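Chain nomenclature is as follows: A, B, C and D, assigned in order of appearance, with residue numbering initiated at 1 for each chain independently.
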Amino acid sequence: MTVDLVKHAAEDADVVFAARVSTQGGETRFNESSERDAGLINFLMRDRHGSPFEHTSFTFYIEAPIFVVREFFRHRAGWSYNEESGRYKQLEPVFYLPADGRSLRQIGKPGAYDFIQGDYKQKSAVSGDLRRISTEAYTTYERLLDIGVAREVARMVLPVNIYTSFYATCNARSLMHFLGLRTARENAAFRSFPQREIELVAEGMETEFARTMPLTYAAFEANGRVAP
Amino acid sequence: MTVDLVKHAAEDADVVFAARVSTQGGETRFNESSERDAGLINFLMRDRHGSPFEHTSFTFYIEAPIFVVREFFRHRAGWSYNEESGRYKQLEPVFYLPADGRSLRQIGKPGAYDFIQGDYKQKSAVSGDLRRISTEAYTTYERLLDIGVAREVARMVLPVNIYTSFYATCNARSLMHFLGLRTARENAAFRSFPQREIELVAEGMETEFARTMPLTYAAFEANGRVAP
Amino acid sequence: MTVDLVKHAAEDADVVFAARVSTQGGETRFNESSERDAGLINFLMRDRHGSPFEHTSFTFYIEAPIFVVREFFRHRAGWSYNEESGRYKQLEPVFYLPADGRSLRQIGKPGAYDFIQGDYKQKSAVSGDLRRISTEAYTTYERLLDIGVAREVARMVLPVNIYTSFYATCNARSLMHFLGLRTARENAAFRSFPQREIELVAEGMETEFARTMPLTYAAFEANGRVAP
Amino acid sequence: MTVDLVKHAAEDADVVFAARVSTQGGETRFNESSERDAGLINFLMRDRHGSPFEHTSFTFYIEAPIFVVREFFRHRAGWSYNEESGRYKQLEPVFYLPADGRSLRQIGKPGAYDFIQGDYKQKSAVSGDLRRISTEAYTTYERLLDIGVAREVARMVLPVNIYTSFYATCNARSLMHFLGLRTARENAAFRSFPQREIELVAEGMETEFARTMPLTYAAFEANGRVAP
């Protein structure tokens, strides 16, 4: 997975400015001690005053397999997307294969799975089958293109573990909503069961978020990872 | 493709009621001649007063291949979705194959393709290859499930022509926006180049829309199929 | 305040149908015991699976003063509005006056006010001043209209306690979000400090919501009144 | 009216990058001649490919009277707001008065008004009445505050021409949608009848937009000021 923060206009001060317009109008200044600002941000997070977190913007460039991107694009409010098109260009032969430590077995029922390590037979089947199907599908894709079949038709043979790339733009509020749902953490106020592969993408985004808005991130962590 | 209108709360009167609150407050009645109401709806459409069209609701149940659903779910504003999950259930072995008359060749450049009929060799390759890859991928998928691999992992081998199912809820405004972009029509005020398969879904939805909101639909047609 | 549920396409079954498409595809039926359905709805609410609640639609007709409507229209996601226009019609001389029991004094600091009863002097001033200014402003408004001043200009003299009317359409998810923020309840998981007048509107809407979707409402109540 | 562009992360290159990911994946570069980029932007605008314009962010600080802000906040999709609160702070005694050249009379019917200059009597009444009511309302407001009435109650006497202040964040697509509806221009593809006061705000925003995204702005102008 590739997660690049292409650009951002997002800092903790944006939240404070937007929030203080409520109580101070246009007289707002950001010359106060960070302790007071941190307190304000924590108050906004805790009592679910979400709008001050929206005056921020993050643009990510992400490479991930189709089955991850399908989950990602379910996030609508506060998200903008542009993705590589299988109609307009030939897709590259890059496919996702689970890393060696990836849990392969699920136990329990929908909404409450536990995942555990696979045995040798499972690991070997997953690895071998994904390689085989990916290769065979891509070879077929290329042959269809070679004989003049339209890209939008030829791509129908490609499996959902093929990589695609996209730009995603969001604000801090929509980003926190995404992170809360697409990671599984001990300190979360509600239970999430993200597929590990989208969690990998979320972790990459979370690192950038924590770095650019440390006070906001601390308040998110301190309040059960619930987006305001 | 399956397109079922599961339920709807949408009629032309909804638009008229919502619009007349502007000029008449709570005194609105719908006892006027349809000619006057049609005129109002046409005025709203033409001059892009979009909000009166939003007090309506359509819920569709749709079955379509993944490559179509990926395009569908790009529509965010005014749309709600719930889709069959490859993490929670085993997907059925139902795959999309282009019908015999489906154009298989593209001519021109991105954004302005023309599609023309394929020759015998292309038809035969598309049909044969899609069948072969679909079957082989599904056989592999089943085998991985049989030896205990988690559904969310096993599904990675499945191609994007496998069918999925979902509920989609929208209002008349978001529906018209979708129809304008996902169909190609002579009377449209702007050019669209939808993939034929999503256009098939759009056509099914358009039939239901035209039936339930005939005045609104007529105004949409009369104004270049531009959503207000 | 007037709160009329004009129409709705919303019942608990909608939530269950949309949720079960994840695990059962198009095979979903609603012939199960309500205990099992209630359990599913509670699970969705608790673990913040919000999308199944969106396949529902409520249209309200509301009459409220401008200062309330200004707060109301801050709700954007999943809301549609059409309001009486001061540009297109003459506004009626109907003004909001606090009822006798309305708390008139605030104690504490922003975000954590307590409200307590006013004394006689305060009650009398509020009542007298609102009547006087409302009357005088409306008399002035009428005189400006009489001499031919445009409605959109003449209305500038009107105070924010004048009534306006609007249609609002939402789904169960956006409605719960609104109710969580615009009411103050003991069992809420977070603190809200709504102005009493918008809470009156919210209470009217909550009554209709509880009646039309009793299982969903029970789950909302049982989970801290946090919208999923 | 005050319209300050507080910050922005928006340039024409953002549109080009986002659009090219469709056809070139992650290989996109912005080293091409501006003529080619301008052509791409114009193509996207004309054929209503709106999403590439969303990877941009503008934050404005605006001071305007309440009757303008009420129209402004009707824009929901792609907009974020935080406004000065009459519950949390005492509002300043700043009121809107029409400038001398402001047309005061409307001719025609709703949705198709023409506005013409007022005569001396009208000008004098508007100016005098607005001053008188504003002053009297504010004096009353202060007196209510002085005797300990809560701000959220005292403000009910204030007229809609009092100024408020807010932060608004949008992207280039939502901004163009706003500009198309809130200005009246000869080259527009559809008719708008904005109230002059919100058009003043829109003009201030348009100046900043034209300066920061000149190619996008030119394409907007060249395509009938219809947001893609």
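Here is the rule we go by: a contact is a pair of C-beta atoms (placed from the backbone, for glycine too) under 8 Å apart; a residue touches a chain by one contact, two chains touch by 3 or more.
It should be emphasised that the depicted structure is a prediction, and the values quoted were computed from it without experimental measurement.
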item: Set of chains adjacent to chain C and to chain D; value: A, B
item: Pair exhibiting more inter-chain C-beta contacts, A-C or A-B; value: A-B
item: Inter-centroid spacing, chain C versus chain A (mean Cα positions, whole Å); value: 33
item: Intercentroid distance (Cα basis), chain B paired with chain A, Å; value: 26
item: Multi-chain contact sites of chain D, meaning residues that touch two or more partners; value: 22-23, 51, 74, 77, 81, 85, 88-89, 110-111
item: Of all residues in chain B, those that touch chain A in their complex; value: 65-67, 69-70, 73-74, 76-77, 79, 81, 85-89, 96, 98, 102-106, 110-111, 113, 115, 118, 121-122, 125-126, 129-130, 132-134, 136-137, 140, 143-144, 147-161, 195
item: Complex contacts: residues of chain C adjacent to chain A; value: 22-23, 43, 46-48, 51, 74, 77, 110-111, 180-181, 190-192, 226
item: Chain B residues within the chain C interface of the complex; value: 2, 6-9, 14, 17-19, 21-26, 51-52, 54-57, 59, 61, 63, 80-85, 88-89, 92, 165-167, 169, 171
